[in-house]
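Labels for the chains are A, B and C, by order of writing; each one numbers its residues from 1.
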């Protein structure tokens, strides 16, 4: 049968990610191809630390754990690496090969052992999940270990409590040290898990080139458990996000879950009947999504049974239920074009 | 005055439905006109039943009603038909005629009498609303009665409980019989209304060409009442969905409610003061919507009074209230371009 | 370094506001430049009051305050004016100047003293915030004081209770007097704050050219407090909305908060530790947004701690918390392209 081949231009027109609009160092960039990306990166690399790092308000008390809380210490470095969106070269749902280049230069957070002595594992998308309980203090030693993109990056957390020193956001003349961590530099963030921090939250780059670098993969999750709260038997964080041609230089936009597209590449989640399961779904691009899991429903926070809730950029929804339905199930974004672009995976339940 | 005529190209650019991205049998199609649609349909028609229909997990117990529950039996067939989006050829809100072709080949579910003996009514958008109570078993005899589009289709339900045999989803090598019902074939789905099924849910095609076929009209609703729960005096399901040129072959994208665009074509809902009213609104396209009803507010599940809640693809929101406000009211999606493209209707309350 | 200059065509392609689709007097307009806008306005100006203003249902009792409630009287006029989106010509976040024209003809609501004797203040975006308690009656004397755009406009409120006379919506042959207020005319709306009106709601134009006129700035907020409810120490309403080239005639789409783009132009909110703070965020364009405030979280209505909730067109979310975190914080929409297009501001907390 006749192939409906997609040339670059027409596909870009069809994809959600036609172009990215970014503000870097106050200049607006419209990034729609590899050359634009190079120009945006050059601008980001040219920025030097704002001279008058903010002294508006100083003398913040040093954050400490609450009584009975612990210090949870992490060593995390940011680095770029080549990343394959389609390692299996197949869409396992539709049982077909997928051809074409699928590797791009990603920017990722990598967990290290104490003192940055050695990697704890390979650098992947998403970055390490930081876990703590209410009352704990997250102490995150962060190093910008990238020597390729030459840009200041940061870690900006959601959900936890922090004073302005640990916001991890570039703010022009008001930038503090933790909001501009240049290649080779280190900074230690101190984030408190307060009672209103209970939940699952994203963290991500918020440096001067945050839009591009976050979309490249500089994101991860923080889980704050209630003090003594029950930890689910099976807990997974799923980031929904597009990897688009402006960011990847590839021909095709891919609708991803945790940096991968199409079932078999995206996480295959293995569960067992009787388990207390929690799937935390976080939007991590410019689109709104909704998360559907076949064969299951769960109570949302408002007390309604749902199986396809909406989730926006950097918002989290949690599907928590006791597993009772053995079999192989699809999970996917229910925006049809996202689902068809790869935002789907397997959830397999054993008896 | 000078007309601002819309040629096809410029209108497509303006409409939400520029192009549809679909994956059919593992091939990605960008559907933006009638020829693309023909190619996509040809691909869907060429698929044969996956040879190794999944035996991963078998021996599921036959679903039965819970003690005290009933079997609710439906006979439903899928077929294509010509469907008029604008039967009145008018926009009754702005009191003007609307010119131009408005008929396309829709794909719809049609309710039949027992044993498929005869139609219970004309085939319409949406399909029949399936109703049951917690504890009941929905037994849905499904027949693919279409001879025009030559494609396998299914019924995939949200909200109800089912084992993998009754998921109604095409899954490549893992497909079960109910996930690939070819023209002329029948399949009986058995879906349980469990306590966590209470609510209003969509069902839709999830066969190999689900995106196009769902957008053509292959969808309907399931209402699961609490056991002995009060049934509203007036209850309506409203699907919000675009019918776009790639799917219809028409020149103009129409923003529809239940397959119709513009007040007078969309449902005119007749209520009376004192009635317990429930309007269930379900998103059924790739867009996010929000539903506004003039002159009314209601409590959402979280306990907040709202009159314009967001609803995503295959998500449901319910506006339930005791009618106290006689008059003629507009209801519409509050995304302005959807409202102006036809996603609006009348809600008329008698004293 | 090489500039990545944006010509008009490419920027329009990149922006969310490529074109606006409006229905005016039953004719559909695709507005993508100043000439289109002129044609749409001419159509709106050519409309005369529908001859058969609806007599479908009459004899509504005159709305009065509930026992113990008060009449809250407002005088508000609609008028167009030149409005600067970037009065500071700077992005204070990224600490850089922003060049280029930033002024357009806005349409705004302006609060007047009793009897329209004098302005209470300059006409701004958004219009005045109308405040009342449950049981009160809002009596809003409205005057169309515009002589430039020659169009009928209205005030359509959300949340409050009103009979059809006070709906403020153009409805073709069913239009009532308050749904078509021509230049030079006045109309008095009577809106009741009932128990189910508690909350924060938008009002906006709903005349025959409502999409364009609302997007030009014809909107504001209503706050209905519970009877005797605690009023926050610091309360702000933030409208998230794009001002796009079709509406402004400018070269660049701006992502705005209250009619302004980029920190320093958008509201800088000053708070103090210990204050009871309420930020009410309302979507007022065709996009979905989500609202992030650095350094803070709050309980949503469902009882979940959040810091980035989704908000749709004419939907409201409220961030309410006791201030405990001194410093300078960013607030912004977390849709990256909105944030980078100007939808961000400062929230400054003193000790």
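Here, a contact is a pair of C-beta atoms (placed from the backbone, for glycine too) under 8 Å apart; a residue touches a chain by one contact, two chains touch by 3 or more.
The UniProt protein names, listed by chain, are A, B, C = Multicopper oxidase domain-containing protein.
Computed from a predicted model, the values in this text were never measured in an experiment.
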{"item": "Homomeric contact chain A-chain B: same or different residue positions, threshold half", "value": "different"}
{"item": "Equivalent-chain rotation between chain C and chain A, CA atoms, steps of 5 degrees", "value": "120"}
{"item": "Computed distance of Cα centres, chain B from chain A, in Å", "value": "33"}
{"item": "Set of chain A residues in contact with two or more other chains", "value": "288, 300-303, 310"}
{"item": "Chain B to chain A touching residues, read off their complex", "value": "18-23, 25-30, 32, 36, 39-40, 42-43, 46, 50, 54, 56-57, 156, 158-159, 161-164, 167, 169, 171-174, 196-199, 201, 208, 210-211, 214-215, 285-286, 288, 300-303, 310-315"}
{"item": "Residues on chain B engaged by chain C in the complex (per definition of touch)", "value": "1-4, 6, 10-11, 13-15, 91-98, 288-290, 292, 294-295, 297-310, 325-330, 334-337, 339-341, 351"}
